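The letters A, B, C, D, E and F name the chains in turn, as written, and every chain counts its residues from 1.
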Amino acid sequence: MNTPLHTHPRTLLVIVAEAALEKPLVRDARARGVQGWTVSEVHGRFFEGEREGAWEADRTIELKLLCDRATAEALASEVLARYAPHYSVAMYFTPAEVLRPERF
Amino acid sequence: MNTPLHTHPRTLLVIVAEAALEKPLVRDARARGVQGWTVSEVHGRFFEGEREGAWEADRTIELKLLCDRATAEALASEVLARYAPHYSVAMYFTPAEVLRPERF
Amino acid sequence: MNTPLHTHPRTLLVIVAEAALEKPLVRDARARGVQGWTVSEVHGRFFEGEREGAWEADRTIELKLLCDRATAEALASEVLARYAPHYSVAMYFTPAEVLRPERF
Amino acid sequence: MIDVVVFFFLLGLFARLVRSELKLPEALYETLSIYLLLAIGLKGGIELSKQPLATLAPEVAALAAMGFLIPVGLYPLLRLLRLSGVDAAALGAHYGSVSVVTFAVAQTALARANLPLEAQAPLWVAVLEAPGLLAGILLARLSAARDASGPPRWGELAHDVLFGKSVLLLVGGIVIGAVAGEAGTAPIKAVFIDPFKGVLALFLLELGLVAGGRLGDVRRFGFAVLLVGIGAPLLLSGVGAATGLLLGLGTGGVAMLATLAASASYIAAPTAMRIAVPQANAALSITAALGITFPFNIVIGIPLYIELARRLHP
Amino acid sequence: MIDVVVFFFLLGLFARLVRSELKLPEALYETLSIYLLLAIGLKGGIELSKQPLATLAPEVAALAAMGFLIPVGLYPLLRLLRLSGVDAAALGAHYGSVSVVTFAVAQTALARANLPLEAQAPLWVAVLEAPGLLAGILLARLSAARDASGPPRWGELAHDVLFGKSVLLLVGGIVIGAVAGEAGTAPIKAVFIDPFKGVLALFLLELGLVAGGRLGDVRRFGFAVLLVGIGAPLLLSGVGAATGLLLGLGTGGVAMLATLAASASYIAAPTAMRIAVPQANAALSITAALGITFPFNIVIGIPLYIELARRLHP
Amino acid sequence: MIDVVVFFFLLGLFARLVRSELKLPEALYETLSIYLLLAIGLKGGIELSKQPLATLAPEVAALAAMGFLIPVGLYPLLRLLRLSGVDAAALGAHYGSVSVVTFAVAQTALARANLPLEAQAPLWVAVLEAPGLLAGILLARLSAARDASGPPRWGELAHDVLFGKSVLLLVGGIVIGAVAGEAGTAPIKAVFIDPFKGVLALFLLELGLVAGGRLGDVRRFGFAVLLVGIGAPLLLSGVGAATGLLLGLGTGGVAMLATLAASASYIAAPTAMRIAVPQANAALSITAALGITFPFNIVIGIPLYIELARRLHP
């Protein structure tokens, strides 16, 4: 009943990390021009990892950032360099499409 | 060890919106034939937006609807027209594959 | 400003199921070599289903497993055979890309 | 001397203003609000069980009318402040309805002042919950020519208010208290009566945090929101006191009706307006109701309204 | 006169039946259940510390046997109602196990009736938790020829029950109460003893909401589930009372065993069955146990069982 | 005879060691910690309101110095155990700061022993919160030549500690208690004073669970962590007691300062270190502080420190 919608490709960058990183990650995302963010509280484990969540840091968050591919990649590289050596961080990209391109 | 599974393409429509919209959004989805829904409680912000969650509406939800592309598009258009002018709503499509096509 | 990142394709297997399955599903995933897992508490409904969450099982979880396609398919088949007949389980695959291939 | 529960409110306000990360868990907030509603209802019910039931019909009718008329009366005044039609309607709805915590603080202030309060006072809160919302929605409909969201679902709305948390727990508590009486409720006194003020203190700590978070928005909306947030309760306290005198209430009752009229809903109203009048600016209403009027009433208003009642009621 | 805590249950039931959005936060529910288990255990332990320890072995053995035999005895009856083998087994397991809140309500009812209760009664609850589940799982295995999910993990199951929340907190509370005694526990009385009934009232409000949510399913399962939900407790109360008489308990103890036998587990059993007997219809069991039997026992059953104990026990 | 609240800690420890699924909801944990901080502060404030305000300046200065010097003093000792520089610095920060629950348990132990405690003791906790963290971060900076994460944001850090939950609620409680006094706080006594020990018992149950979860890591880190977890508090209790004597405190005060010095922070410190010194091994610090030192102090240390204070203070 609808003609196909015109959508715009974007990338969803998902970062699963210890909760202590929420504030700095959001700050970094904002600095790179990401226009919004969504956080859920999750729990989980990286089976074979040597590092492991500490007591208050046992809380884990999943941060989702919807933006263009270049921004997602730049942000991911920064996170990898800055936080991954010392913090629990898992990251992946997922393709996404949006309707209002000016917002994401 | 397995021969490749036969999967069926679907679309995951993700709607991040103020919690007040949960009931109406699920109602609309159901009316369009979506067979199920999943909601998580999230928090987040749209940095540059003029609108902003009010006190009880500070609660934000992420609604996931797995359905065929046409339904997802129709629903997204409806949401854009009906709710986006007055409510906080972010939406995106993600490709997905399912095993049991009759269920999604 | 960055040259394109080298990413590695993976599959995100998302399983929405009654909470009683969390322990067994994580066990199965681990047995198949998945290296980590993430769980969020969600709520939702399958509209037309005959089965329906029971009292304590009213709690629903969303389990995300990031791994290679073959593992995701093998795991999904196993879940379909072993749990789907008696439990509430919805599953889908989503494409994903990661930076550190050895971890996923 | 300021009541100790008010200090907790100020502590919460302070914490937010200095950007402390202090936060009460949401489950605690919900628990406290369920507790307060039940406890207020129970206490009222126990009092009611001790005395012959007054004919409540005139009170109910007068209060429903008052709640309905408050948004109607505020509408033109708010329009004068250059608020849009829907904003004026939605904001009025907040003042037509009431704040339960403000009621609770007034109740303890009256007790400290040794002014007896009518046993059925918790019922007033229940009665005042809905009429203002109704009026606000009607005004918004009249002011907005066309409306994308279709006609309001009145049935659903009525249901949501009548069987919403506030009315249900208040009235439920009243009925249980009235039926079980002082003796029947004695075994649960240690939970619902004795710790009441301490729990109220905790709740005010939380509300201080929330209200403090709203204060930041005052600058955004400027002078108008300040004027509304302080002017409206002052004006409406007079309306409430007059209604109380008309109904022949005692000094405590007059002070309480002044407080209730002056108080603005920050739970039922925002939720209802978000659904029924989505075009209205939610942040504006909540800034006035929770960021300004609530603190004003808790700290300054209530003592003022008690003083007013004392003067009006020889 | 009906106990005040029962009114809270009815309020919850009412709220759900009128589709109120009232909801207690999950964290509150969990907190209340942890509290009740600890408090029941502590109180029992304090009582035990005051008297020479009775030889408990015969009681433990008799109750374990009773819990195990209830599902076995119910199985053929449920099959007569055309339930499948696994459904009959799983449903039986719910009745073989017990409901802690039903115990708590019976305890306060006995206190109101001035019937003394054996100090070790909380231990009965702990003992009765598991045997019924075990029997239910065995019956399900026998009735289901083939089973996709492989042999049950008995070790895991035993561990989950023994070190599960209920048994651990009950027994933990008993031990602490017994070791610390009346004097040692005096400083925590204000939390674990005095507010007990008030907290129970809140918990019953929540359970009213949950049970009300299950009532809707009764129509789906029809007459059979009603028959089971009311018939089973009536029948089993006789079994419990007989066991109590056999063990030489006082009137209070006989009434309590009747209640425990008549009560159905709606926490441990559903969870255990979901894992060990997934083919069984979970909604059917929970509708009977929580939607019908629980309200029946709280409102009608307990007074009945007390009366029964009085008649049987001159 | 061991205090009843300690039994709850042991129950939690036991539950975790047998791998029970018992878990307190996170919201409860947060609520209990908010409650304890406020209640401790209030109680101290009420005491302060009864007596002329002592000149607190020397105490504040001495305690800030003690908190700062503890990590500095521990650093070379921890390096001897082959810990890396950042690990030694971060671990030291945990011991320089304090544990509020350990304070609460010591407070009840002193009350049982009839040893009066200085009214301003809750203030000590607030003062001791930050200096150790500061020292730990400085040491880590000095020991790590280059640091990817850039210079520490001192302003942010100072803000987070000063207006963090602990200091804010403690000081807030003290101020409210001092201003409102015994009479003013009487109406909230039923919440903040009477149930204190019972709530502490619940909190210790939770901490037993958490500490038990950390015990498993002890094997991973081996003998060194055991040595630190037990050796550090023993050593530091001497430092605390000496500081107490220097300040001319009574026996209760000396015992309390010994306890505070011996206690390790497991909330503020891990959070602050995670942000400011991310290279440090968080699991190592938390295992020592929460898995070993906390249980050691609760069960063995506090009675020991009281005895020490008695001997030192004729």
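Note that in this section a residue touches a chain if its C-beta (ideal position, glycine included) is under 8 Å from a C-beta of that chain, and two chains touch if they have at least 3 such contacts.
Source: prediction; values computed, not measured.
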| item | value |
| --- | --- |
| Shared interface partners, meaning chains that touch chain A and chain D | B, F |
| Pair with more cross-chain C-beta pairs in contact, given C-E and A-B | A-B |
| Copy pair chain B, chain C: interface residue numbering same or different (half cut) | different |
| Chain separated most widely from chain F, comparing mean CA positions | B |
| Angle of the C-alpha superposing rotation, chain E to chain F, to the nearest 5 degrees | 120 |
| Relative to chain E, chain with the most remote C-alpha centre | A |
| Euclidean distance of C-alpha centroids - chain C vs chain D, Å | 46 |
| Approximate Å spacing (C-alpha centroids) for the pair chain B, chain D | 35 |
| Geometric centre distance via CA averages, chain C-chain A, whole Å | 19 |
| Euclidean distance of C-alpha centroids - chain B vs chain E, Å | 41 |
| Residues of chain B touching at least two other chains | 40, 94-95 |
| Where chain D touches two or more other chains, by residue | 25-27 |
| All pairs of touching chains, each written as two labels joined by a dash | A-B, A-C, A-F, B-C, B-D, C-E, D-E, D-F, E-F |
| Contact footprint of chain E on chain F as seen in their complex | 1, 4-5, 7-8, 11, 14-15, 18-22, 24-28, 108, 194-195, 197-199, 201-202, 205 |
| Chain A-touching residues of chain B, taken from the complex the two chains share | 16, 40-49, 60, 62, 70, 73-74, 76-77, 80, 84, 90-95 |
| Residues of chain F touching chain A in the complex | 148-149, 210, 214, 266-267, 270-271, 274-275, 278-279, 282-283, 285-286, 290 |
| Chain C residues within the chain E interface of the complex | 18, 20, 24, 51-57, 81-83, 85-87 |
| Chain C residues within the chain A interface of the complex | 1-2, 4-5, 7, 10, 12, 30, 34-40, 66, 94-100, 103-104 |
